[in-house]
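The next part holds the structures, each set out as structure tokens.
In the two complexes that follow, subunit A is the common piece, with subunit B as its partner first and subunit C second.
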Partner chain A sequence: MEQNVREEDLELSDDEELITAQKVLENLENAWLNEKFAPELLPQQTEMLELMLGQVAHMEENIKELDKNDFRSIAHRMELERIRYIIASYLRCRLEKIETFTKLILQEEESRADEEKRMSVEETKFATEYHENMENYFKTVALQYMPTLQRSDADQRIVRPNMMSHVFVKAKETVPAVVVGVEDEEVDLVAGSQHIIPYQLISDLVLKGSVQLI
Partner chain B sequence: MDPCEIEFIGEKSQIGIVPNFNFDPIHLISGSVGPFRAGLPVHIPLWLAVHLRRQRKCRIVPPQWMDVDTLEEIKEEEKRSKFFTKMPSDNYMVEAQLIFGCAAEDIPRCDEIRTIIKDIFDIRESKLRTSVDAFIKGEGTYAKLDNLTLLEMHAIRPILPHALDHISRYQRVASATQRDMSSLGLNTSNLSSSYHSQSRI
Partner chain C sequence: MFGDKAFELVKELQRTSETLPPFDDDGVRQVLEEIKAIFEENCQQAAAYSHSGDRTLWPLLSFRHAAIQRNKRCLLAYLYQRLQRIKAIRWEFGPIVPNDIKNSFCEPETQWFNSYSKSLATYMRSIGDGQGIDLTGDLKPPKSLFVEVRCLEDYGKFELEDGEVILLKKNSQHYLPRSQVESLIRLGILQHIS
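Here is the complex of A and B:
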């Protein structure tokens, strides 16, 4: 029994790299925090999510065989609750952004190459349907009664995130010469240091994973 | 972020316990814990420790820094220093809160420790308020926040970034107006005040 519950090395599908369940969880936690604080929608960690959901399902299967009052079962169940919370909060946070910036996200998504897509298939489906429903609703409720001139200003109704909003970041590795002000002042972000800075100036570092939003 | 989410993150830190039962190692997804041997100290995540303590299955070993003398030193250092000093733990408030909440009797001189930790937090908070004030008045857009813990950051989370966002929006509008006016050949000298300074919080 204990053998089955043992944490296993998981295999990443495309590059055959070995990664522990612990590392997957860590990546997910970081993605969750980044998503929470970034004004824009970040790429979905589909791979990490799938690995973790698989791990959770596997673990659930195993603790079913245990007595409910067994200490092992209690500890595992508590941990699963914590992981489920992170995953749910992560996905909910993304949905919130998709609902707010639907049109913009769909447009951006269209201009991206396949491997750079930020939404999962399900999210894309949700966004498209949500957008269609909203458009239809606006049309039936108000737009059709308006003068033709005003009907065509759909582009003006696009909601955009404020990319210059300030965020707290922690540098995971030393990044030299980061522009931190509008007037091109530069600062080296030392590993482990913390800063408050407009998001746009470090958005590429967030994507690369050299800094963590906190 | 909700305070409970900060607690959630803080609950991941490791803490020593002395269990009063025997159990084989448990292989959690976030790493293995145990083996548990009655009377022998072992390190486990705080969330599990709190649960076990509530079940009266263990005693909590206070973290090394949770000691009157050490904390007094930190407090003095914090008073002396102009900047934020490094805290012994990134989640010291969360850890103290949780441990006091379930295992106050496991900590020697618990009440004194509680007061000192609160003092340290207060000193840091007032320092934070002063520097935020100076920072906003200095019209900066960037600041270094070394050694500030998550909870303290979140104490200023809704206000500070929001205020900065507004300021930078005004500055953008101001410089846009300035451009418009100079393209019209108007005198703009009285509007050219959008400078940015760097400061350290």
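Here is the complex of A and C:
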């Protein structure tokens, strides 16, 4: 896959963009994998996404100029399809989490500072609407007919992800003395090594980018 | 027994093989009535307790309270599960629901579906600085650019992105770009043959 992108760049972009486009795709792929395997919603990558979408549009333009039956055209189209799939799958994955843990995510977002927000503006809008819609529906169909005593416990209905679920990780760099297990047992994550570990224990490393979920 | 009807609702939904069974109006009403009945009974006895101070009523009170909560939980689970299925329908069929499924919706569900559909469409349009991506496409990792499809019904003319127009007639076979015919395959107009 990477091979193809490199060809793409050599052919379509000048040297400066060459590194960027490839790096962007790599970052996006990593973000996609992390998002797919982490139980919680991870910080948004809007910037990466927009760069990539720009690149995709750019590539589409260029492919149009190629002869349809040219072998390169087919390879490049295939590559575009793959990138598109990654983008769609990544956003779908986030949406799924937002829909499942709506209330919790909205609460968490509220307590975060502006630059630490995990959802993009569009996602926040969607989440708010989704939540309202859901509450409205429950109220219309059932909650309004229940005794007053029972109405106020919306908090009980908050769905939370299981942060202690196990994930596969690969260390990108050496991280010394990571606490694993309840008894303060420590393990050094050597660069390139792979582990199975409860997500909670390494969530900060995922955010920092020292480890990659696989 | 308390809670039986509510549990039945959940079980029925789980067992059914239909995409979406009709909304069980009756079942939901019965559960709501049961909740109300238990609650009223509890209120009466709570009043009696504050009158007489008879502590032997306590276990009964908490038992009834638990019954209410269980009923409520089952009922909401039933409603929520239905919404999950309705959501899946939006992803599969797009904003327009086939009539046979639509008949199974109850009125508030139709409203819910419409708002969900709208939110989702707005969100998808707004991705990437207003460029918009249809997230309901590209569901599987792409294996090949073109797919062989057979046309299951007379669809008429279909224009490809490059301007080429093809005629989709019943039982005709075509070799087309996957990304452009994916939606037609999901609608059951084309069938993917390998």
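Operating definition for what follows: the second predicted complex is superposed on the first by the 195 of 214 C-alpha atoms of A that agree within 3 Å, B and C clash if a C-alpha of one lies under 4 Å from a C-alpha of the other, contacts with A are read in each partner's own complex, and residues count from 1 in each chain.
The working rule: contacts are C-beta pairs under 8 Å (C-beta built on N, C-alpha and C of every residue); 3 or more make two chains touch, one makes a residue touch a chain.
The structure displayed is predicted, hence computed values, not measured ones.
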| item | value |
| --- | --- |
| Which of subunit B and subunit C A:Y130 touches, first, second, both or neither | second |
| Which superposed partner A:R72 touches (first subunit B, second subunit C, both, neither) | first |
| First, second, both or neither for A:R82, with subunit B first and subunit C second | both |
| Touched partner set for A:E40, first subunit B, second subunit C, both or neither | neither |
| Which of subunit B and subunit C A:A21 touches, first, second, both or neither | first |
| Touched partner set for A:M59, first subunit B, second subunit C, both or neither | first |
| Intersection of the subunit A residues that touch subunit B with those that touch subunit C | 74, 78, 82, 85, 89 |
| Subunit B residues within the subunit A interface of the complex | 1, 5, 8, 21, 23-24, 26-33, 47-48, 51, 141-148, 150, 153, 157, 160-161, 164-165, 168, 171-172, 195-196, 198, 201 |
| Contact footprint of subunit C on subunit A as seen in their complex | 49-50, 53, 57, 68, 74, 77-78, 81-82, 84-85, 87-89, 91-92, 95, 99, 122-123, 125-126, 129-130, 133-134, 136-138, 140-142, 145-147, 149-150, 157 |
| Complex contact set, residues of subunit A against subunit B | 2, 5-7, 21-22, 25, 36, 52, 55-56, 59, 71-72, 74-76, 78-79, 82-83, 85, 89, 162, 164-168, 180-183, 185, 187, 193-198, 214 |
| Touch list for subunit C against partner subunit A, complex | 28, 32, 35-36, 39, 68-69, 72, 75-76, 79, 83, 87, 106, 108-109, 111-112, 115-116, 119-120, 122-123, 126-129, 131, 133-135, 137-142, 144-145, 162, 178-179 |
